[in-house]
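Each in structure tokens, the structures are laid out below.
Each of the next two complexes has subunit A plus one other chain: subunit B in the first, subunit C in the second.
Our next item is the complex of A and B:
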């Protein structure tokens, strides 16, 4: 993993939000702020699964575990360790 | 004529141990509720309402998440004879302040007697009921269990069939003020007529992820199967959107035969479900997949069929429906006894002359998807601005008459009067009739439909108007159809005196965040433009459709 936070951030602003100039802070809320709507959650989950080779459960797509880049990083790390 | 409660009680008498529904919930195993369990759960709520001094005929607002409590609370109100209205639950993105405000404005109009919610949410509701008619907050977790249903007072059995059975609310701040009041008679007339239109039989199994605060979810995906004794398999819309393949797994497991979907779901399922989530999936049991509640696209049907045909989906299953809460649900139905009709018409004549002239299939043609024929108790006509009938293939407003119309917009006689003309309900939708079938082409009002949700642009504009930096009153919101998503994207344009790019970007972000947290939708694009960019009408109002055209020219999709 080079820098997952940067990679995921790049994916969100370019592929989902289509606003390449936007800068996402690592602790910026994604779900609770409405930046990501529910239709995009599954996109982000699929991207993370493909890119980092981990399995995301749909019960994890909530603001407790999936709401900012830091959380996503920790989720990926914890799953990579388990494998 | 039977009330809803009478039918539910009779079903329980006949088949107490028969499953009424299966409830699926992410991370849990499937829960089956028998008719008896359904009545017992509902009785507990009916008793709690009575013991706490709620009278039959009073309105009870239900603020619960999709699940068993919601189902019991709803049927408890029905058994008792109170008037339930299900409201959307607070979502992860919605600001609690905004949510409370919209509940408050709803309470002012509807004047409910009680609210049913969770203990976690009690303090929120407490704040919202200040200075309102609400006397009681009933907490779902504290409802005592009932096993003996004989002592439950079912006042609903004594009620007149024309009395109000329930209220349905559309979303949005403006929409919230309109509670569609439906009688027992209207609901049963709709179900009996719709049953014939879709040839419902005792072997049908209905699978639904639709929310119960929306007519399609409440009527087709909840009331109909339960009252008509068809097995219902339900999942939460939140579970479905995170894992859309679950719908197909449920259809496979329970051999589902009928499913209702808004148009975007065809695109969403096609694009987002992975092959690995379709292992073992068999869709051959489906006899109808019914496209309803937002504009229907042939392209969405085609991509859906292509993707899922290998899993047993049959082309004949593709169906369509035109529906509205004011008619309880369906107005017309297509695709059941014959394939859905497609009408290729001349694009320019449609736009410029409001006429649907048949055209060869080429670049000048646009493919209209038929919404089918009116169901047997509903008459449909297409009229001009003066109320006169227009000829076949000419576009006008769709007006309907039926024996399943709303009683009224609850406590809004002004709006009820406005909605009718000479005894016909004016739908606000535009369309035409060809060979006895109905085609919907657009709408009269500036309504945006995103994923089946009706959004009033003025609500979004109002949110933006309150933000510093936005030039007051110089904001416009509209929808643009997104081919890939199969539904509309919301665009908002605001004039501002700000000239520096960074400041404009910040303002755009601020507007985006405010709308996302204060409405049911996510805005796709916020554009900040200089003073004078937006077009006005002669009376000085911002013209939504003209600005939409201008946007499309300057920023082609």
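Our next item is the complex of A and C:
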């Protein structure tokens, strides 16, 4: 996995938000701040599943499980370890 | 819930927080949660119903748990011992009939013979059903049973049938039966929690929990009446943590004080002004109707978020951090953000178990055009949230109102993203967005707060000066 935070950040700003100039900080809230809505989360989950080969559960798509890139990265990492 | 009840709950939470042995703390809290469940259950004109409804909840918990175990072919010996432990408060509540030491149930409980008979008959029915139904359908049966129960409690004409059945069983006159006789405390939340565990166990997202943990999660007293709806893995993790620090206790007390102020001072004062079924037909002035509507919007927020603050604060005294349910919803400048900050745990539940699976399936296969997928996903989710409050036309319209609002908001946000230079964010645009969002949500409360469409339409006419 080479710098997944950058990869995910790139996907979010380019493909989801369509704002290539936007810079997402690793600890910037994504869900609670309203940057990502529920449809974006579905896109993001599908992207992560395809790209990193891990399953993101429907119950994990909320701010309790992850709200920023750092937390999302740790979630992917913990799932990769379990496999 | 009265201030006196809040004080007692807080006191028990505080005591629990000082118990350092985790198993002892859990046992104490399970005992107190079940006891509080009997104590808080409202009285009814149906004889002994205030005793039977909490007892049925325990029996249904046991039955659904048994369904999970049979389905997974696991040993059940331990479960009966746990079930016996959970029923101790039931027996104590019932024995009060004979000793009258205290008043756990609002009215005199039934005789012990009737309780034992009732428990045995209900369990026998479930056992019989589990024997008749093929093993691999046990999970579907539990889901089906909970769904039917939900329909009977949420469709007023079905609830009336249930009320009549209870009147017949009790030999009480049928002509006095009403749907409102059946007020089953917290059952809407308990059913969602049961479904969460049943579905997750079925999908192998989590193992079958212990029965005591299962009941503890369903009936955890700070969140019993109106949530928040925690997720089971998070809850178990929290309850297994050590006693709260002094900082956590301070935070807990702060939340309880803030919550009590919101609920008992602000919400109760606003009740004088707020729109209600009674004053909706009496207010003739447009201005006063707008004030009543704003009053209603604020009242429902202070009441509900105040209750949530008390629940979260009590949880903190125990050492359990329940999830937040509100995040300044009326300060949001669009409907999407509003629904990310209003009754958060309920919205998350419906997203997790309907919206995400539905959207994911069609998004992957690209069978539906994107706009149609967004429309159906949002509208059905909001309709389901509406029906969770009650299966009536008014809640259906309220759900549609928000579903369509979210769809329009989504399309508008998408258009704005594609035309970033056309609309610059400034104070005027932000203020306008806030006014629009607050007005849309407030107007939506009319469908929610009125008991029928005619009254709701009358309020709309008065607000816009259309009534004669």
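As a working rule, the second predicted complex is superposed on the first by the 83 of 83 C-alpha atoms of A that agree within 3 Å, B and C clash if a C-alpha of one lies under 4 Å from a C-alpha of the other, contacts with A are read in each partner's own complex, and residues count from 1 in each chain.
Just so we're on the same page, a contact is a pair of C-beta atoms (placed from the backbone, for glycine too) under 8 Å apart; a residue touches a chain by one contact, two chains touch by 3 or more.
Treat the numbers as computed from the prediction; the structure is a model and nothing was measured.
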item: First, second, both or neither for A:12, with subunit B first and subunit C second; value: neither
item: Touched partner set for A:59, first subunit B, second subunit C, both or neither; value: both
item: Touching partner for A:22 - first (subunit B), second (subunit C), both, neither; value: first
item: Partner chain(s) touched by A:37 [first = subunit B, second = subunit C, both, neither]; value: both
item: Touched partner set for A:48, first subunit B, second subunit C, both or neither; value: neither
item: Touched partner set for A:75, first subunit B, second subunit C, both or neither; value: neither
item: Contact residues of subunit A, present in both the subunit B and the subunit C interface; value: 31-32, 34, 37-39, 41-43, 45-46, 57-59, 61-62
item: Complex contact set, residues of subunit A against subunit C; value: 17-19, 31-32, 34, 37-39, 41-43, 45-46, 57-59, 61-62, 64
item: Residues of subunit B touching subunit A in the complex; value: 26-27, 91-94, 238-239, 241-244, 246, 268, 272, 274, 451, 485, 505, 509, 512-513, 515-517, 521-522
item: Of subunit C, residues touching subunit A in the complex; value: 196, 200, 205, 231, 234, 323, 327, 332, 334, 336-337, 340, 348, 351-353, 355-357, 359-360, 363-364, 374, 377, 410, 413, 417-418, 420
item: Contact footprint of subunit B on subunit A as seen in their complex; value: 21-22, 31-39, 41-43, 45-46, 57-59, 61-63
